[in-house]
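Order of writing sets the labels: A, B and C. Residues in every chain begin at 1.
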Amino acid sequence: MNLLFKISSYQLRDVIRSKWIFFYTILLMIISYSLISLTKEPAKILITMLNINLIIVPLISLIFGTIFLYNNKNNIIFLLSQPIKRNVLFLGLYIGLILPIILGFLLGVGIPILFYVKIFSNYAETIFLLLTTGIVLTIIFGGVAFYISISNEDRMKGLGISIIVWLFLSIFYDGLLLIIFQTFADYPLEKISAFLIMFNPIDLTRILVVINFDVSALMGYTGTVFKNFFGGNLGVLISALMLMFWSILPLYLGLRKFKAKDF
Amino acid sequence: MIKVTNLNKSFGSLEVLKKIDLEFVPGQITYIVGPNGSGKSTLIKIILGLVKSDSGDVWVGDYMLNGDCHYRDKIGYMPQSASFPENLTVTEVFKMLKDLRNNKDNLDESLIKELNLDKELNKRLGNLSGGTKQKVSAAITFLFNPSILILDEPTAGLDPVSSSILKDKIKKEKENGRTIILTSHILSELEELADNVVFILEGSIKFSGKINHLIEKTSSLNLERAMAALMNGQLI
Amino acid sequence: MKIKFPPVIVLFLLSLVNIEIFGGIFHAGPNYQLKNLESALKIISPYDTVIIHQGKYFSNNIIVNKPVVIIGLGRAVLDGLGKNQIMFIKSDDVIIENMTFINSGISFIDDNAAIKLDSVSNCKVINNFFEDNFFAIYLARTSNSTVSGNIIKAKNKKESYSGNGIHLWYSKNVEISDNRITGHRDGIYLEFVRSSNITNNLSWKNLRYGLHFMFSDSCSYSGNVFQNNGAGVAVMFTRRVEMFNNKFENNWGGAAYGVLLKEIFDSNIYNNYFYKNSNGLYMEGCNRINIKNNDFVENGWAIRLMANSMDNNFTANNFSGNSFDVSTNNIKNFNTFSGNYWSEYNGYDLNKDGIGDIPFRPVSLFSLITEQNRSSLVLLRSMFVELLNTAEKIFPVLTPETLIDNSPNIKKINHD
């Protein structure tokens, strides 16, 4: 445990000084700042930020995570020649990577909000949701990135797979859902769609956001299954468990590969 | 002391190591040589625990490798091309390793001074030249007074002055009774330092023993020709 | 806001005014010779006043058949014990004030009310309390009357066990103001009513509609608040409706509307505030309605404009933070949108005249999809949907081409 903390703290120190974390933070700051200064309508700003979140955070986490492992391959090999357990090293690298990304995210989104904190005075809960979804998505897609790059020796292939995973989860999956909904329009699909959404972490976080923002529209959905489910205690619990599952599963699979891997 | 018995490893259908039996003795320098792809780096990586063998045993001291990592406390490893976190300073990298090994006393920091690293201590690794990185790597290798030294082409990339400082250091550690394994393509270095030579070709050991023994056996004029003879498949 | 005098002061004032008009004053109560309202009504002359003192009176279908002022002093409770009606007013010029009516009988045949007025005029029902009645105030064939300042509560869970709070049928020139109604089937219900004003009422958490009216021409609705009603407000088959300064809030559900308009003609809807309704304003078969200066904020659908609606004008409204601004089920459009503010508008204003230089299309492709297929709502705000919408905005194929605001406001319009 102690060793894990040490590894992650040194990795964190390394990553936090890198240019791309800086650029990520600046990019988010520019987006947030321009959104705020353009509209000054807190509800619209926050929903747009949440939308951008759902797109940018997974993409950045995937790309940064994949490239990070490839770039640090020799460093990892060297560290493995030290008396360090593989799982400790793996988790240390992971924590050392995602904490700076999370920090960059919190600063990039948080500072512009703090700057205009007055107009957001009634939106504490939504800002909390905004920050939480960003953190959760980083944790999930950082793990996915680790799994992808551990499983593929070729860095171009790994990067390609990362981008395909992102495209699939953020666009194609929803396209497939729409096709399913149109094809089986005559059947009650509420439960099935709730179920299908659980299996895409981006959709799942999106629904939690939508419940918060577009509840009036979702309530127009006959049966109000979604509000009752995702807005109720059981639904929140299940959603949280699913997100936890998505945070752990890719990381666990990556760890298994990492432990068995010949470097 | 390191002992390897009946070691086999293949990557897919490619047999990289076949029935390797070897012993590395304290107070002696053993060079592992062979053409690229012969399996020598795989052998080193198995000893370091980076690659897992298919069968066979590796003993480091009186510990048999089984996946536990503590034996690497005794090993100083200098990789062929060193790589450390780019955005840490040299001091931080030293500090990191001391932290990770949880070893802050009984340190051998002589190489830091001898290789003139004092001036580079506050620079980030990413801003150092390849040669300087190699020096940092060398200093780290000897830092913890390891009883076993594994050096993969240590002098490649070093300037002649640093190279000779490093060679002196290796000799000195041999006097201190360390078990030392080296790989190199530089035959002059080999002639200067090696007590033993292990020659690996296509995953099998073709020769293992003293240098003069090797020259005698191949009836060659010198080491270079002896090597050439081995590579041409001359059996001993 | 009206100033409410405590009954004691009212009595004092009444005793000062001309006795000729108001006649004599009779007291009824446990400590008086007249034990209850019924016995008082037997002996009084027209235009007398009856003061009911604090107490609980079991009352069953009290018939008021002469002009009278009935005033409660303290908490004077008429309890219907869940049977029949409590009070039936059959005479003009009756005033009921500061009384409490509870437990009028639930019936599936009769519209049992706490107070029913039939075929009368010049009556006033003022500042009374109604609790757990089937119907509370029921006006049939009534004219020139006032229902004001009443607090009306019920707590039945099922529509069939619940009547309306204020129910008007075949009436005209009625003022309904400053009432607070909750827990009934419909808060305020009007059918075949003419020329009446409904002002400053609060109608919330009723089982069905906060306000429901049909075939009631030339009525006006202003300053009312309708919140959290099962189905919002429904206005049907009516001409010349004036609706202004009302608030329609938090009406949630698949069939819940801020306002549902069905076959409404020649009406004005202005300066209203629609907030967080599943459907802000739903229009079906509506013609020549001016919708002006309203705020539509954070509704599911701000406006659902169904087929057969034409010649309606949407001007200078604010649309902000709605999941869908306008949706329709028709590719053709015969309504006009101009000078509205749309928070979804991303255009620019180079000449700085406050009007966007490119038109705004409030109907998104996704809103058309959800109109046909509600399940697809779960894809709301997904990137895939944003892509679909953007593609459709660039090359409109499926969305109505003429449903367009050519002069969108850049800034929110101030309606105060």
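The rule we apply is simple: a contact is a pair of C-beta atoms (placed from the backbone, for glycine too) under 8 Å apart; a residue touches a chain by one contact, two chains touch by 3 or more.
Here the structure is a predicted model, which is why all the values come from computation and not from measurement.
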Chain pair whose interface holds the most contacting C-beta pairs: A-C
Nearest-to-centre chain - CA centroid comparison: A
Rounded Å distance, chain A centre to chain B centre (Cα mean): 42
Rounded Å distance between chain B and chain C, as computed from the means of their C-alpha atoms: 88
Gap in Å, rounded to a whole number, between the CA centres of chain C and chain A: 46
Chain A to chain C touching residues, read off their complex: 39, 41, 43-44, 47, 51, 54-55, 170-172, 174-175, 177-178, 181-182, 185, 189-190, 193-194, 197, 203, 206-207, 209-210, 213-224, 226
List of chain B residues in touch with chain A within their complex: 11, 45, 48-52, 69-73, 75, 77, 79, 81-88, 92, 96-97, 99-101, 124
Complex interface listing, chain C residues touching chain A: 252-254, 256, 276-279, 298-301, 320-321, 323-324, 343, 369, 372-387, 412
Complex interface listing, chain A residues touching chain B: 3, 6-7, 10-11, 13-18, 72-75, 77-86, 260, 262-263
